[in-house]
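Notes for the one structure printed next.
By letter and in written order, the chains are A, B, C and D; residue numbering begins at 1 in each of them.
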């Protein structure tokens, strides 16, 4: 198992913390991380919909990740809700 | 016969004057004025092509004139070569 | 409110003075307009292969300002009475890099702002009584060819 | 000179500082570019019928600046290596009327400037990691819905 820190943006700021720390298996993909995060938020009864987790992207400081990307070894993970800049 | 003053712009500035003064009949239209001006420029051997006179518009301070407009009574006449602002 | 009594502000000018971007922005800013498009035309250093040092802009000021106002009213009628406009064309001798034209448009939404801005510059090229005499580094000058004006 | 070694200048920023139109214009001015298009996005006083007092802009600065640079390089590749860009998105709490976004593009000709400017704003809406929390006069706040980010 590895520990990953995920920076929070946009509506995820409602959680009141800068980052979430989750424990996932070494083999986990971004899809697995997404499931893990959804379950975590359900467990703590956060005021964040599962739909928001499903429609968010995961990214590093370098790029938006694909569902099949392995999480182990990636630095500076973040979850990015649908965007609305401008 | 009436006397009309025509303000000059753009390439017509090469004539070295602000205005031309031409004598035309009371009944003259813009088309007649154009012919009169072309002849005048040929007579004084100006370095202005007849083509420029033919492709120019006549105007008052209010609007661009039509070929059939009567000239008598119009104020502030000007000849406007093809435009290229911006 | 019809097309001849719009809510948006319009200012147009044909002027020998240096153009003022900050005034244009201040004039057109409005709390209900989230999109602002400023077009700036500047004197380019080369035209049709020749090195330009300056351009002498000649213009019919009275008729020109009347036409600029007409163009802004046409844009308001087409894209929104609450749009604001500042359109200034400079006249006189301008060096390379100097600003010859400002077209500033503000609108609640960006699509109408882009469309109105583009409409204004294209119509200015066709309808505004302004003429350019290019002054070349080699010392000669030339009045540029242009678009024949049509009566509307 | 290929698309990855363009002659034009690019500056991008995600910043808490007030945006600076004059710096954007000075950065992008070039004697071979006669057309300059500045897009300014400002905070609007109303959205979907609700009276807005301010907007809190959240953004991923490092990734955001990387994406803004990519967008400018894409625009240079499509419309001209000699085009210049200044793109700044502001972050933090902005009151109604304040400037949230500057997109400044200069080009030898106006058509490419308009097209590149429009491309940048539309791509920013789709790809830039920025989020808006609207703060209403009634006192409540809401994170706005947006566009799902796709990996490229």
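Simple rule for what comes next: contacts are C-beta pairs under 8 Å (C-beta built on N, C-alpha and C of every residue); 3 or more make two chains touch, one makes a residue touch a chain.
All figures in this text were calculated on a predicted structure; none of them were measured in a lab.
Note on connectivity: the fewest chain-to-chain touch steps from subunit A to subunit D number 1. Work out the mean CA point of subunit B and of subunit C, and you get 26 Å between them.
Measuring from the averaged C-alpha position of subunit A to that of subunit C gives a distance of 49 Å.
Distance from the subunit A centre to the subunit B centre is 74 Å, each centre being the mean of its Cα atoms. Residue positions of subunit A in touch with at least two other chains are not found. Residue positions 41, 121 of subunit C each touch two or more of the other chains.
Chain pairs that touch one another are A-D, B-C, C-D.
By the touch criterion given at the top, residues 21-22, 25, 29, 31-46, 96-97, 108, 110, 114, 117-118, 121 of subunit C touch subunit D in their complex.
Residues of subunit B that touch subunit C in their complex: 7, 9-11, 13-14, 55-57, 59-66, 76, 78, 80-86. Residues 41, 57-60, 62-63, 66, 89, 100-101, 121, 124-133, 143-152 of subunit D are the ones that touch subunit A when the two sit in their complex.
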